[in-house]
Amino acid sequence: MAVDIGGLKLRNPVMTASGTFGYGKEYAPYVDLNLLGAVVVKGVSLQPRKGNPPRRIMETPSGMLNAIGLENPGVDVFLRDKLPYLSQFDVPVIVNIFGETIDEYRRIAEVLNNRPGIHGLEVNISCPNVKEGGMAFGSDPDMAFKVTREVKSATGLPVIVKLTPNVGDIQAVAEGVEKGGADAISLINTLLGMSVDIEKKIPHLKNIVGGLSGPAIKPVALRMVWEVVGRVSIPVIGIGGITNAADALEFLITGAKAVQVGTANFINPKATVEIIEGIERYLRKNKMNDINDLIGTLNTGGNVC
Amino acid sequence: MSLKLPGSFKKPIPGQFLMVRIKGRNEPFLGRPFSVYSFAQDGRGVYVEILYKIVGKGTMCLSGQKKGALLEIHGPYGTPFDMDKYPRNVILVSGGIGVAPVTYLASQYRHYLPAAPHLEMVCYHGVTGSRRLLGLERLKEFCSDVFISSDDGTVGYHGSVVEMFEKDVLSYNPEDTMIYACGPRPMLKKLAGLGEVPRFRCQALLEEHMACGLGACLGCAIRVRDGEGRGAYRRVCTDGPVFNIQDIEWDY
Amino acid sequence: MAVDIGGLKLRNPVMTASGTFGYGKEYAPYVDLNLLGAVVVKGVSLQPRKGNPPRRIMETPSGMLNAIGLENPGVDVFLRDKLPYLSQFDVPVIVNIFGETIDEYRRIAEVLNNRPGIHGLEVNISCPNVKEGGMAFGSDPDMAFKVTREVKSATGLPVIVKLTPNVGDIQAVAEGVEKGGADAISLINTLLGMSVDIEKKIPHLKNIVGGLSGPAIKPVALRMVWEVVGRVSIPVIGIGGITNAADALEFLITGAKAVQVGTANFINPKATVEIIEGIERYLRKNKMNDINDLIGTLNTGGNVC
Amino acid sequence: MSLKLPGSFKKPIPGQFLMVRIKGRNEPFLGRPFSVYSFAQDGRGVYVEILYKIVGKGTMCLSGQKKGALLEIHGPYGTPFDMDKYPRNVILVSGGIGVAPVTYLASQYRHYLPAAPHLEMVCYHGVTGSRRLLGLERLKEFCSDVFISSDDGTVGYHGSVVEMFEKDVLSYNPEDTMIYACGPRPMLKKLAGLGEVPRFRCQALLEEHMACGLGACLGCAIRVRDGEGRGAYRRVCTDGPVFNIQDIEWDY
């Protein structure tokens, strides 16, 4: 079941998605963390962030909207209070980072460099880039390239860049990121969505718009993974609506080298381990020993879209 | 609604809640939090009751479940009520479906503290009208008095439960009295606003929409004053649902 | 309940979405067409199109993927065999058109100009533009502008331009379309998605990717409507996952002047009329006489996203 | 599964189908097509039976429905089988769950054509194994012979139903014989490939995934040869599900 993601060796291809598994501790009563491919922690920034005012979440058909606002205690508190707990386990820890300027990305990567207990960085480039004009870094291939290069130059850790799906041409952004030196790409982050309370005539979320996640977005995520694996040669990690082993297998067959489980953790705290078990069962049933023999085996009958 | 759970299910402490989902469905998608109303166990398993009011899709679907239907239940979750070891006066202030957690609290005070001979437990309970008087039988077993108010005057005191309680509040001694409150946000806000309440220890059980129920998603934030009196967000699911009523910021 | 969409007067704001209501006749046994705000017919091109090989549809969580491939009998057969049926009814008929080049868009608009029984055009700009490099017209504000201007110059009919959600900046495309002279904008078309058969290791759809529609995409659609009504001053028609009156009301409150019901017709042939009745009930309950008093009443508490 | 429908529900003609959905759920999202297996009516309503095999999510959920559950049913949809006015030989070739529509067809031939004294109706039915022999009782009432084959030889002829039929085909007169076929695509393809079959009138009931069921979405296309012998797509839901077996293109 082991896979290699840009030099990072995972016991199996199932990781947790950032922001949906806290800092690991929250799920430890339900999941033996040692069984996971990796734990990706909630996004961390240089300075603490309070997050958005409530109401922050809303259910949607087969999914949910969230506008947490990247609440986090900041990198210093993370290192002091959160990381030590995770370090007890024999599981790779990937820190999801974000900033509002390229400089912030570089600085947080520096702070996290050479820290024991951290095995990789996942760079979330879906945040609005305030300085450069309010557009997300991840919407522009050139900006995505720059952020990646900057982070790579600041760290010796494997760097995974996480893409936003709210773009017209995901392949172009993926190429930018590959050119910037990323060791892997993860996708997708949430789709921007909205929902309205028709009695009160207000948006359900105080922030008006929020990120859509869950099974509803799986088809979009899978399509983007398919587009990106066809374009770049670095490993791709599939994320979006994965709730069971069959979902994860769709991504692996399509070419993702690993997957992340997000919203599914909320509705079933044991989702990750059940998915791992399910993938193992599928391999046994299909008499395969190595998960790598399955990855990217999608047969499209010569058709390319 | 009565739930049968595996014997491994931990006994909930009053104030804790369960996340309830209809098995195998993507709609309603998220679990719904419900307070524990009663708990029992025997050789074959654990039995938990919840009391719920139909307000939307989730509770509607729950009410449509046939006897014997399979539900997905997680929990017990949340930081429970602080219970006094040697309680003297316990005052329960509840509105509507808020009766569920205070009833369980009352039952536990009664069952686990027979050693507290001076315990006086009373409940002030508000409803919109007489047709909403549900689940009070058990509460009456546990409390020496249950005072009822109704918004429309069809039963008990005509007015809000907080107004009714306000008339009595001076008769309690803040030193040896604990107030537990649970009900709609406007009711709790009104209670928090009573001039006398800050002199008491007063815990309120709050509600907010939840996704994970266990502290990971940060979706259930409410605003409180932190240790230094500054505004901060806290998770209802793990930092709460029980908060010191003084700490809560009501408007944002 | 009457609304005015760029000069087109509708009895009520509920229309059918192109490709989900055939040419009206298919639904006539279930729906009194005279009750509808308008009928938007399946997309029509200059030449007949056979469409994609099967399998063409796949169910997804709270939605479906389709890769019909814009099958249609061509504009001549449409005028000869399909339009006469619809002309018997007292309902505005909007013809959804598409082409592979700007020239094709212009020519089909010319063919449909001055035809009795046609009350408006809806220009689908989500199709790949083969000549100009394989990118959809709707992904580029400038191309969207050009198609719109060309169609407008070829017809006296009200022109609605239908946008694709597979873009990073929907506001920019909407602006291009407004500048091009569109009388209204409709959105959204389907999100690109994909789905894989893990036993056969093939995509469920022969075309590999398809368009995602249904309740799953409603939050994305609503967010895009919100973004676009904040940017342009022409009327906006909301589409995406509308299955009941509450869904439609979300769009109207957010600022859409009308809505289109798509995939919901498949799972409930009477969806459109039930939605009209539900909106009427809501207005009565809220003691409103004019639907226009409801449109755009969303209160965001001063927050703008 | 037996369905009770309002009296206004039109009587289905053999070959027609219903779209069945579980009410109020978004998952399974689309309706599922099922052939009519039997039809009856009385003063209180209409009763339609369908016969189904659990193959995936939709049929699994259907099987989980309790007696009395509410379903959303639309139909009857589709272009039915052509039925001869004065039939002589009627041959039913069915595989697996394909027995449902041919049974209903047989029942209608019996009930509505007592005026056809020369009608000879036989059925060739194939299953994977003896455990799959379902719903045949009724067919046996209607047919003078029901020949069974099984892939694993556990019952009847050991081999495919088409092989079994092939041995008899020469004994029928193409002039006064109508063949009706329904079953898995590979079975129908094999039947279409029999050298003798083109001399008969032979109708096949095809399956394809559906969304609307009524001709609007174009999702259920299959490829056929059109009037001029060119490839064209046809809708299984409205142009079919019954097609002339000669017109179908099997590979694309």
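A, B, C and D are the chain letters, set down in written order, and residue numbers restart from 1 in every chain.
In this text, a contact is a pair of C-beta atoms (placed from the backbone, for glycine too) under 8 Å apart; a residue touches a chain by one contact, two chains touch by 3 or more.
Only a predicted model underlies this, so the values are computations on that prediction, with no experimental measurement involved.
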On a CA-centroid basis, which chain has its centre farthest from chain C's? B
Centroid distance [mean C-alpha coordinates] between chain C and chain B, Å: 48
In whole angstrom, the CA-centroid distance of chain C from chain D equals 36
Mean-CA-position distance for chain D and chain B (Å): 57
Multi-chain touching residues of chain A, meaning two or more other chains, are 60-63, 214-215
By the touch rule stated above, which residues of chain B touch at least two different other chains? 26-27
Chain contact graph: line, ring, star, complete or other? complete
Under the definition above, what is the set of chain B residues touching chain D in their complex? 25-27, 66
With touch defined as at the start, can you tell me which chain A residues reach chain B in the complex? 19-22, 26-27, 42, 50-51, 53-64, 66, 68, 71, 214-215, 263, 265-269
Contact residues on chain D for chain C in the complex? 21, 26-31, 72, 74, 208-223, 231-233, 238, 252
Using the touch rule from the top, collect the residues of chain A that touch chain C in their complex. 60-63, 65, 139, 166-169, 191-196, 198, 200-203, 206-209, 212, 214-220, 222-223, 226, 241, 246, 249-250, 253-254, 282, 297-301, 303-305
Quick one: which bits of chain C touch chain B in the complex? Just the residue numbers, please. 61-62
